[in-house]
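In the two complexes below, subunit A is the common chain; its partner is subunit B in one and subunit C in the other.
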Partner chain A sequence: MGVLDHVWLGVVTVFTQAPVATVFGLPISIVVLMVVLGFLGGIVVGATPGLGGPFAMAISLPILITIFGFNPDALLPVLGFLIGIMKGATVGGAVPAILFNTPGTPDSLMTTLDGFPMTRKGEAGKALRIAHFSSASGDTFSDLVLFTCAPFLAITVEVYLDFPEKAALIVLSLAFISAVVGDSVWKGILAALFGMFVAFIGTGEDHHPRLSLGTDALAGGLPLISVVLGVLILGEVFAALEDMWREKRATDSISTPPATGDNRLRLRDIRRILPFVGMSAGIGTMVGALPGIGSTLAATLGYATGRRLHKGDVPFGEGAPQGVAATEAANSAVAGANLIPVLSLGIPGNVAAVFIILATETISGFNPGPAVFRLTPDQINSEMVVAFGLFTAMVFANLLNWTVGGVFMRSMGIMVRIPKQRLLPIVLLLTLTAIYAQRPEMLSIYVTLFFGLVGYLMRRLRFSVLPFVIAFILANNLEDAVRQAFSATGADPWFLFSSPISIGFMALAVLVVVFFARGRGGQ
Partner chain B sequence: MTFESFRSCAVAAGMAGALALSAGSAAAAWKPSGPINLMIAFAAGGGADTQARLIATELEKTKGWKIIPQNVTGKGGAVMARKLKSQPNDGLTIGIAVTETFGYNMLAVKKAGYSADDFTYVTTTAGSQMGIVAKTSRGWKSIQDVIAAAKGGATVKLGAMSAKLADIAYTIEQKYGVKFNTVVFRGGRKVLNAITAGDVDVGWVAGIQAKGVRAGDLVNLMSGETTRLKISPDVPTLGELGIPYDAGAKFLIVAPKGIPADARKGIAGAVASVLTDKSTKAAQFVQRAFGGPQLISGTALEKLISDGIAGSKKLMMATK
Partner chain C sequence: MRFDPRSLGVAAAVAAFALLTLGIWIPADVESGVVETFRRRTVIGDAMAPTVVAIGMVGAAALLAASEILNRRGSGATLDRHSLAFIARFAAVIAVGLALMSHTGPLVVDAINALGGAIGTYRELRDTVPYKYLGYLLGGTVLVGGAIAVVEQRLTRGVALTGVVAALVLTGLYDLPFDDLLLPPNGDQ
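So, the complex of A and B:
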């Protein structure tokens, strides 16, 4: 079976798997339905200040697994929904940023700089249309890069990397994430080491349950979803609740100036913003492909580059459409590209990718990594079919984005009125319910609450949680890779330095840490 | 008694109890007094878990029992075994694991927290078709070719998915005076992937190699079972090579020690009827994934367990 057969099978699966309804004589498959629901839900979530794509992905993952089960059939509906949320939230985030000067997601912060001034000038409609156009363009571009790069990179890895190189590559990724995220390299490395420590409880090759203190509760290892959701979601909720309690922020009355100016998106507007969209899409894609650097940095970089590029009559910061375009194209272009390391190496680079990996770890039949894109003559590689099914779902989500996304997004201004003090308890309840539904034991709740506290403390001590989460997820892969490399080289203790490639990876890991540690020495 | 006649008995029992009693057997007589908890020692979603859940669904459908499956994973079944042993022995709590849980895996730790005598063994469901596998393109026809290559100075990397299999590979090394670099993976699927990718030269695979062997891409070099492999009857077994170990494993249903004899028989009979009825999803899955059911119960199963323990002890002594 060739690559094209797999592509075709992937497409067919997406559009025919388990039809749930018929519209105009066309059967609607479960995958299509889930992508639509995820995308629309993502826009709503993105448009709600205080919520973001990762929140929604985190809460829906355990619920989706409860609904669809653990069999390979569940992969595409679940992944389709998550992808939909990821894309929808990116678009939706611009809405409150433009209309109310409140970023819906952290990466829309830069959107407020020009989006809100445009609203004050009575051009809210135009700003939203530009945000949508740029976001959809950046996203589509990034997906195209993903579709071409991921299989290519995976095959390269497969051909050139042996056990020691794979171990070294994971070390490099962890070093990079620890160094890049947060404001201190050493705190990042500490967080990553702590994540690995937690992952080593009850796992490993040996039959003795290590670090389990003799309890059966820990002997099977900590439940993956409980730990990740605890640190990421509960930690955030606890920290936000405390902030609210401290600040007791005065709630301003929210109002939008009436739309008086030109609110259409005209061809000449598109022509004007296109260079900025292109530039930012490129930046966002590059940033997305590197593990650990999120869409917020991409948006900042995109905006800064755009400002330097800009020579128009309205300067950046005073309502320049180019500013909105540069930000939105950059932060949306991250979404597709950050799946490149996920699909080709099995290494998640940001929080959204963490949930894609969690889904594939929980549901069987798809192990992101080099094996996904392997061709065996006369046989169907079902993992490759899933990968192309996923690509199809992404293309479909993009089509949705281009067609109904804009209209739906512009109707979401109302979400900003949901008060945070109502929202946070709902998130808390939903998270705990979802976790209990997926694994009905009190242990999973206790673990979640404990790691919620851990996540809260890490935030208060200004430790970044992302290195913790990613190291927690990669630790067992690293251990396997190290053990395998050690035994495959015939117990050579210097296996990490046994080939030029692995030496290169290790040297790069050290360089990254030293470079970022020096660069931030003064802070 | 076939499954069909069994079912008609059950129906008759519902309509006229006395008639059914005279026609029924011990298997039909036992009925659980409440829902059965089924502890699955495998991770959710894998082949072993799917098998267990399909059997449970089928038992609910055909017998009207209520079964609550729950995954209790960790340490090769040890976590499940420790939990199961202290449950009430009324037949309402059973577990599914592999024979290794009550053999090698139990003996490999100082304090396993359970012993083989803590359980009543109900029935096996299916078994492995364990072989040492290589890509056909390597040109090897049997394990002897691999040994010859290793003797000729080639580095042979061998994939294994458990410590026991690594130990057995070590006894092959000792017997023939060669050295393999044994690499341990999590699960046979990963070993097979590593073989296909060329990361390892040969590896233990428990049955999923059948598809590749049939297609001609893979070749079984040796049977790790006590019998020859169904799909490759020409290659020798471990025993034929003079290595007295059984690398194979079987899935089995266990209960806490001392469950009523009729419950033990009833559950074994019900599982057997599900797995021998080719129209059930469970039977079709077991056929596809494990090459068909292997049903051993009663004293034969007790012997299987004690033989497994004796073999594992011997293996551990030999590889110390």
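So, the complex of A and C:
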């Protein structure tokens, strides 16, 4: 079976798996339905200040697994929904940023700089249309790069990397994420080491589960979903609620933004913003392909480069449509490219990718990594079919974005009226219930709350949570690769330096840490 | 700017934790060593990974402390006594909410039995209306309403209503469509 056969099977699976309804005589598959629901839901949560894609993915994943189960047939509906949320939330995040000067997501912060001044000039509709056009363009470009690069990168890794090189590559990825995320290299490294340590509790190859303190609760290891949701979601909920509590204490009020109007997007507007969209899409895609950097930096770089390029009447920061375009194209272009390290190496680079990995770890039949794109003569690689099914779902979500996304996004201004201080406690209960649904014991709730406190403390002490989460997920893969490399090299203690490629990865890991530590003085 | 003592405190705490792990926890709670040789075959033991990580923690904590002292930029940490005050209030709300969630159902069933109802144990009734909803509805209402009340620093009818509606909606969302799904605390009973 060739690559094209797998592509075709992936496309067919997406559009024919378990039809749930018929529209104009055409069967609607469960995957298509889930992508549509995820995309529209993503726009709603993206447009709601205080929420965002990761919140929605975290809450929906346990429910989806409850509905679809753990067998491989669940993969595409669940992944399709998560992809839909990821794309919808990216578009939706611009709505409160433009209409109410309130970024729905951190990467929409730069959108407020020109989006809200446009709103004040009565051009809110135009700003929203520009944001949607730029976001959809950046996202589509990024996806095309993903479809092209991920299979080739995976095949290269599979051909050239053995256990020592794979272990060194994971070390390099963790070093990179630790160094570039947050404002201190050493804090990033400490967060990653702590994440690995937590992952080692209750695991190992001995009869006695290591570091379990002799308790049954720790003997099976800490539940992946409780740790990840605790640190990522509850930590954020606690910190955000405390911020509002402090604001209330200081000002006796919690700020709520005002409302505004509408306008049109014309062909000449598109011509004006196209160079900015193209440049930012390229920047966002490059940034997205590197693990850990994320969409906030992409938006900042896109905006800063756009400002240098801009020679129009309205300067950046005073309501320039090019400013909105540069920001939205850059932050949306991160989404697709971020899946390049996930699908080709099995290494998640951002929070959204963490949930894709969580889904595949929970459901059987798909292990992101180099083996996904391995071709075997006369055999179907079911993982490759899922990968191309996922690409098809992304293309379908993009089509949705180009057709109904703009209209739906512009109707979401109302979401900003939901008070954040009332929404977040509901998110807390929803998250705890979702955790319990997947693992029905109160212990899982207590573990989630404990790691929520850990996530809260990390945020308050300015430790980035992303290195913790990614190291927690990758720790046991790294240990397996190290054990196998050690055995394969005949117990050579220098196995990580046994080939030019692994030496190169290890040297690069050290260089990255030294470079960022010197550049920021460790801060 | 003077250095922030909180970062130094964190570095010291992490280093102390890592040293205790290296000196006490790993030797006492890991069966195999760092490297094991069995029938002339040498393999990595279960102690290797946590040992390397703990040594790395000591090193990174020392470098964090050194960079804080040398650079004196301030860590930007926002953990202060107000944070502790907030967390104490919030933790109290969560503790009360979860306690009500866990115990309301069994207590109500025990009370009915004590009054001569003879309806059976909570375990027998944990999938029966209304018993299966009691703990989640009351605990969920207190959790959501209490958390909002902490942030808004007042308890109004609107806040209480938000808690009730949230608990009811989530009960409907999770329980009505899924037959095999248990609301807290029914899986533990």
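Here is the rule we use: the second predicted complex is superposed on the first by the 507 of 523 C-alpha atoms of A that agree within 3 Å, B and C clash if a C-alpha of one lies under 4 Å from a C-alpha of the other, contacts with A are read in each partner's own complex, and residues count from 1 in each chain.
Everything that follows uses one rule, which is that contacts are C-beta pairs under 8 Å (C-beta built on N, C-alpha and C of every residue); 3 or more make two chains touch, one makes a residue touch a chain.
Keep in mind that what you see is a predicted model, and the values were worked out from it rather than measured.
*Asks:* Who does A:S498 touch here: subunit B (first), subunit C (second), both, or neither?
*Replies:* Once the two structures are laid over each other on A, A:S498 reaches no partner at all.
*Asks:* For A:D183 in the superposed arrangement: first (subunit B), second (subunit C), both or neither?
*Replies:* The second partner, subunit C, only.
*Asks:* Identify the partner contact of A:A371: answer first if only subunit B is touched, second if only subunit C is, both if each is, neither if none is.
*Replies:* first
*Asks:* Which holds for A:T305: it touches subunit B only (first), subunit C only (second), both, or neither?
*Replies:* The answer is neither, since A:T305 touches no partner chain.
*Asks:* Which partner does A:S487 reach: the first (subunit B), the second (subunit C), both, or neither?
*Replies:* A:S487: touches subunit B and subunit C.
*Asks:* Tell me which touches more residues of subunit A here: subunit C or subunit B.
*Replies:* Partner with more touched residues of subunit A: C.
*Asks:* Given the touch rule stated above, what does A:S382 touch, subunit B (first), subunit C (second), both, or neither?
*Replies:* It touches nothing on subunit B or subunit C.
*Asks:* Considering only touches as defined above, state whether A:G221 meets subunit B (first), subunit C (second), both or neither.
*Replies:* The first partner, subunit B, only.
*Asks:* Under the contact definition given at the top, report the residues of subunit A touching subunit B in one complex and subunit C in the other.
*Replies:* Subunit A residues touching both partners: 205-208, 483, 487.
*Asks:* Please give the residue numbers of subunit B that touch subunit A in the complex, ascending.
*Replies:* The touching residues are 43-46, 49-50, 72-76, 78-79, 82-83, 105, 108-110, 155, 157, 163, 179, 181-186, 193, 196-197, 199-200, 211-212, 215, 217.
*Asks:* Can you check the complex and tell me which residues of subunit A touch subunit C?
*Replies:* 63, 66-67, 183-184, 186-187, 189-190, 193-194, 196-197, 200, 204-208, 210-214, 238, 241-242, 244-246, 248-249, 254, 421-422, 424-426, 428-430, 432-433, 436-437, 440-442, 445, 449, 453, 456-457, 460-462, 475, 479, 482-483, 486-487, 491, 517, 521-523
*Asks:* In the complex, go through subunit A and note every residue touching subunit B.
*Replies:* So the residues of subunit A touching subunit B come out as 69-71, 158, 162-163, 202, 205-209, 216, 219-221, 362-365, 370-371, 374, 376-379, 480, 483-484, 487-490.
*Asks:* Subunit A touches which residues of subunit C in the complex?
*Replies:* 6-7, 10, 14, 21, 25-26, 29-32, 35, 41-50, 53-54, 56-57, 60-61, 63-64, 66-68, 70-71, 73, 75-79, 82-83, 86-87, 90, 94, 98, 102, 136, 140, 143-145, 147-148, 150-153, 159, 162-163, 166-167, 170, 174, 178, 181-188
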